[in-house]
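Two complexes are shown next, each including chain A; its partner changes from chain B in the first to chain C in the second.
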Partner chain A sequence: MANIAAQRIKREFKEVIKSEEVAKCAIKLELLNDSYTELKGEIAGPPDTPYEGGNFVLEIRVPETYPFNPPKVRFITKIWHPNISSVTGAICLDILKDQWAAAMTLRTVLLSLQALLSAAEPDDPQDAVVARQYKENLEMFKLTAKHWTNVYAGGPFVNSDCDDKIKRLIDMGIEEHQARVALSSYNWVLERATEQLFS
Partner chain B sequence: MGFELNRFQGEVDEELVCPICSGVLEDPIQAPICEHAFCKSCITEWISRQPTCPVDRQIVTSPQLRQVPRIIRNLLSRLCITCDNAQYGCTRVLKLDALAAHLEECEHNPKRPLPCEQGCGLIIPKDELKDHNCIKELRALIHTQQQKLNEFQQEFTEQRFLLAEQRREMQLLKDFMRAMRISNPSMRAIADAMERDEVLRWSNSLQRARVTRWGGMISTPDEILQRMIKRTLTEMGCPPHILDDLMENCHERRWPPGLCSLETRQNNRRQYENYICKRVPGKQAVLVLSCDNPHMGEDMMVEPGLVMIFAHGIE
Partner chain C sequence: MSFLINALKNFLHRMFQVLSLGKKTITNSLSIYVKHIGGRTLAVELDPTWDIKNLKEVVAPKLGLEPNEVKIIFAGKELGDEIKIEECDLGQKSVLHAVKIAKKTKLPQLNDGSFIEENEDLNSSKPLSETLDDSMFSHEDSSSSSAIIDKENSQSEASTSKSKVHFYVFCPTCKEMKSGKIRVRCHFCKSGAFTVHSEPQNWHDVLITKQITGTCENSPESCANVLSNREPTFAEFYFKCSEHTSLGEEDGAVPLDLIRPNLRDVPCLACADVCDPVLVFPCTEGHVTCLDCFRQYCITRLTERQFWQHPELGYTLACPAGCPDSFIKEVHHFRLLSEAQYAQYQRFGTEEFVLRSGGVLCPQPGCGMGILVDPGCNKVACINGCGYVFCRLCLQGYHIGDCRPADYDSNSNSEGCLYNVDPGRALEARWDEASRVTIKSSTKPCPKCRTPTERDGGCMHMVCTRAGCKFEWCWVCQTPWTRDCMGSHWFG
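Here is the complex of A and B:
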């Protein structure tokens, strides 16, 4: 790995460890190899959002050309958000693309992602289904995002209605995550989800 | 790329750290308006990707980059840094502005080039000296040079072959043109021009001659003398198409009116000095080509030129 990338990541890693966000458990960073190319990030769901109380794990890959090119980041934890793919965890965020600047750090990236959880941009979506629900039925979106946070990110808000409907589909032989995706996509209308799954 | 922070003694001000590489500024340079400072190599690399300040994304192009203020340069030069070769045993701690000079001569530099003192005289990086074997090194050297020599030889042979091929093709072309010129006027013009050029090139390759005694001129050379001169002209590379004409013009019967009899020669002898003559090596003879002598009057010159044979007096 290029010297400059390693030198930067070493310093940034220390910077994050010492930061007050870590002290408040808002963000976390962990090295996965000795060559500073792979890291694991973690951000806490921001308060007063459907993600509150959840812990979201991120995969961070540092390219050879860092910091002249942005790190490659994606969500490992499944999440329901207009700018994050519910399937792959891919993120649509300008600073991870053409708005990247060489002075930005992993800390700025983690904090920006946290900000993205607070303020979605449905007009620049990564997941079209989620974005449509966000715009057409905000309450339904919040409920779904909260449910996903509960199931995948350890959030505290249990929604027994959702759990029941998923149980019904599981009883019909549908795999759990597949059932959740179908119900989430059809505003938790059991009939329409069933129809889609069996068509 | 800047200097690693942990090489410095004591705290380093955040102002002196490059926001791109996070090292201490090396060869610092700053953006014009926001005055953010970077290592020159770091910001150049970034601007080659997009013309913005990496901190605040204001538009910045390479020519707009400025020197940093003297105060920053002074602060930098006063920082104390360990030698690059600290891990190889150098314990020196230097002011940053003295580092480059020290590195030039740091004896702990593992790559410092040293001459071998066991006989081969090759210059070798210090860290390779202990495993160095003169005979092995020299053999390797001979081997690579032999290889190069072989390559050159092969290339030389190829070039020679190519040259022969081209010469042959050229000859074919010339023959072709000669055949064509008879029936085609524009081809004749081209061929004439080519032949003129050839004579000119040949003439330029010859050395000037000086006739010291024009009285030694032989106006009626015998056959043997003529054959000898002709052979020499061929060896000199005389273009074949003028060879015979030139040789014809070595006898007064073919000379121009101003030279053709003893009487006219007497009258015109003052003009001889104006001739531009070329040497015929090893012979008491000179070439007076018409392309070298456009300044001479018509009655003193014939195409394509004259051969003058002397009894003596040629330098």
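Here is the complex of A and C:
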């Protein structure tokens, strides 16, 4: 790996550790190897959003050409969000693509992702299903996102209605996550989800 | 009495210095040329500890003049008698200019003469290298008001730490970035026997023509503009490499104006180290990178073909912080790359130029010759290259009738890869053919510029990665991206 990238990550790591956001537990950063190429990030779900109370883990891979190319960032924690793939965790955020600039840092990336959780951009989606729900049925979207936050990110809002419906599908022999995806995609209408799963 | 003895002593001492010239030069000599306006050029060996007066005493007799009839001009300045040679930023084989002082100024010695002397006391007799300092050249020269502030700053700083000016150049002889020296000549006749009326204050004065006026000492017959006096005579600034022996007046170097000494200890944008010198991008923020990071930035962008083909500046880059209007104007900055990388830069730049001008690149592996074609013609022959004749639209071998659609589906469906090899072409390089198959099966061409594009995940919405194309297209339809594509097969 190019020395510049490692050196830069080393500094940025220190910057994040010392930052006030870390002090407030809003973001976290961990090194996964000695060569500074792989890191684990964590962001807290912003207040007054469906993600409140959840902790979202991110995979950060630093390319050799960093900081002239953006880091590759992906959600490890499953999340229901129009700009994040509910399947792969891939993120659609301009600064991680063509709007990246060498002056940006891991700290700004983590903060931008946190901002993305509070302000989705459904017109530039990564997950078309989620985006459609967001635009057509915002309440249903919020309910679903809250439920996912509870199940996957340790959020406090238990939705027993959702849990019941998932249990019914599990009893039919469907795997839990698959059941949740099907129900989430069909606005928690059990019949339509079942239909889709068995078609 | 003692006054006389002293004067005699002085005289003898000087004579001795002049006579012992031969001995001194053996230990520590500077061999330079003195060019006289009459056209004669003298080769002179100098001791760097001499002053200009000593030099005049050596040179004047050879020109048939008295020492006080000669003035010595170097880098746009008349050098005062008391200046030491070593202060002048002279290199081996540098050229000084000797000019006979016009008689007019000699006669009214009381008035005019004293006036001139006073004038010269204001730094004007000192060489440029001594009077210019780095703080002048470390700013963007956008507005005059800032230049005035700069001046005040530099004056207040000057008392504490005035650093002599540093210039960096790309030297075509050394083929490297070197420290450089500023030189002055007449804008019209290119004669170095030229004195500036004022000193350049910033890069604007130096790089833009006709900013600073001066007096050309060249004989009227040689400098037409002195004779007819239609325009004020302007100074022209140029640069030399300070690390190799001068190869004459034509031996110039390209100034790298973005490379500057790091006077304020600004950390590098990319690695955050404080380095010296640094490259200051021409954006309003003046973002700074160290030279290693600048190279890395160039290599990264070059490998991804993300340099920008600018209509006026050429193949260039903007500030890595993404600032608007921050393109590097002097493309010689890319000479900081290695020879091989620079060759790649030149090749890509040429290719982009050809494509921008509506030309095509020969698709034959290993050829890539740029060909400019008449707009209506689809049959392209690689005339000065490999001789391949191909269709301009599909870049396959030339054919009559419509282009055959690429058979991607059959490739991806069958393990056996049913790519049809043209029998004639099958005889050609097999290795290249194999790599062509790989490229064909794993890529699709951008519908606009035909750059082979690989999709490594994500949705079907493609944005051409070639700098300057950025065409948005659909991976499935291979047409421009539409709402219908978004509706029916966005994610596959």
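Structural remarks
Definition applied: the second predicted complex is superposed on the first by the 199 of 199 C-alpha atoms of A that agree within 3 Å, B and C clash if a C-alpha of one lies under 4 Å from a C-alpha of the other, contacts with A are read in each partner's own complex, and residues count from 1 in each chain.
As a convention for this text, a contact is a pair of C-beta atoms (placed from the backbone, for glycine too) under 8 Å apart; a residue touches a chain by one contact, two chains touch by 3 or more.
Everything quoted here is computed from the prediction, not taken from an experiment.
On the superposed chain A, the positions of chain B and chain C overlap enough to count as a clash. In the superposition on chain A, A:His177 contacts neither chain B nor chain C. Set side by side, chain B and chain C differ in how many residues of chain A they touch, and the one touching more is C. By the touch criterion defined above, A:Ala128 reaches chain C but does not reach chain B. By the touch criterion defined above, A:Arg61 lies against neither chain B nor chain C after alignment on the C-alpha atoms of chain A. When both complexes are overlaid on chain A, the residue A:Ala90 reaches chain C alone and has no touch with chain B. Shared-chain residue A:Arg11: touches chain B and chain C both. Once the two complexes are overlaid on the shared chain, A:Ala102 sits against chain B and chain C alike.
Taking the listed stretches 153-161, 243-251 or 279-287 of chain C in turn, the superposition on chain A shows a clash with chain B for 279-287 alone. Residues 4, 7-8, 11, 67-69, 99, 101-103 of chain A lie in contact with chain B in one complex and with chain C in the other. Chain contact summary for the complex, chain B toward chain A: residues 1, 4-5, 19-23, 36, 42, 45-46, 49, 52-55, 57.
Contact residues of chain A toward chain C in the complex are 2, 4, 7-8, 11, 65, 67-69, 88, 90, 98-103, 126, 128. By the touch rule above, chain A contacts chain B in their complex via residues 3-4, 7-8, 11-12, 67-69, 99, 101-104. Only residues 269-273, 287, 289, 292-293, 296-297, 300-301, 303-304, 320-322, 457-459, 463, 486, 490-491 of chain C touch chain A when the two sit together in their complex.
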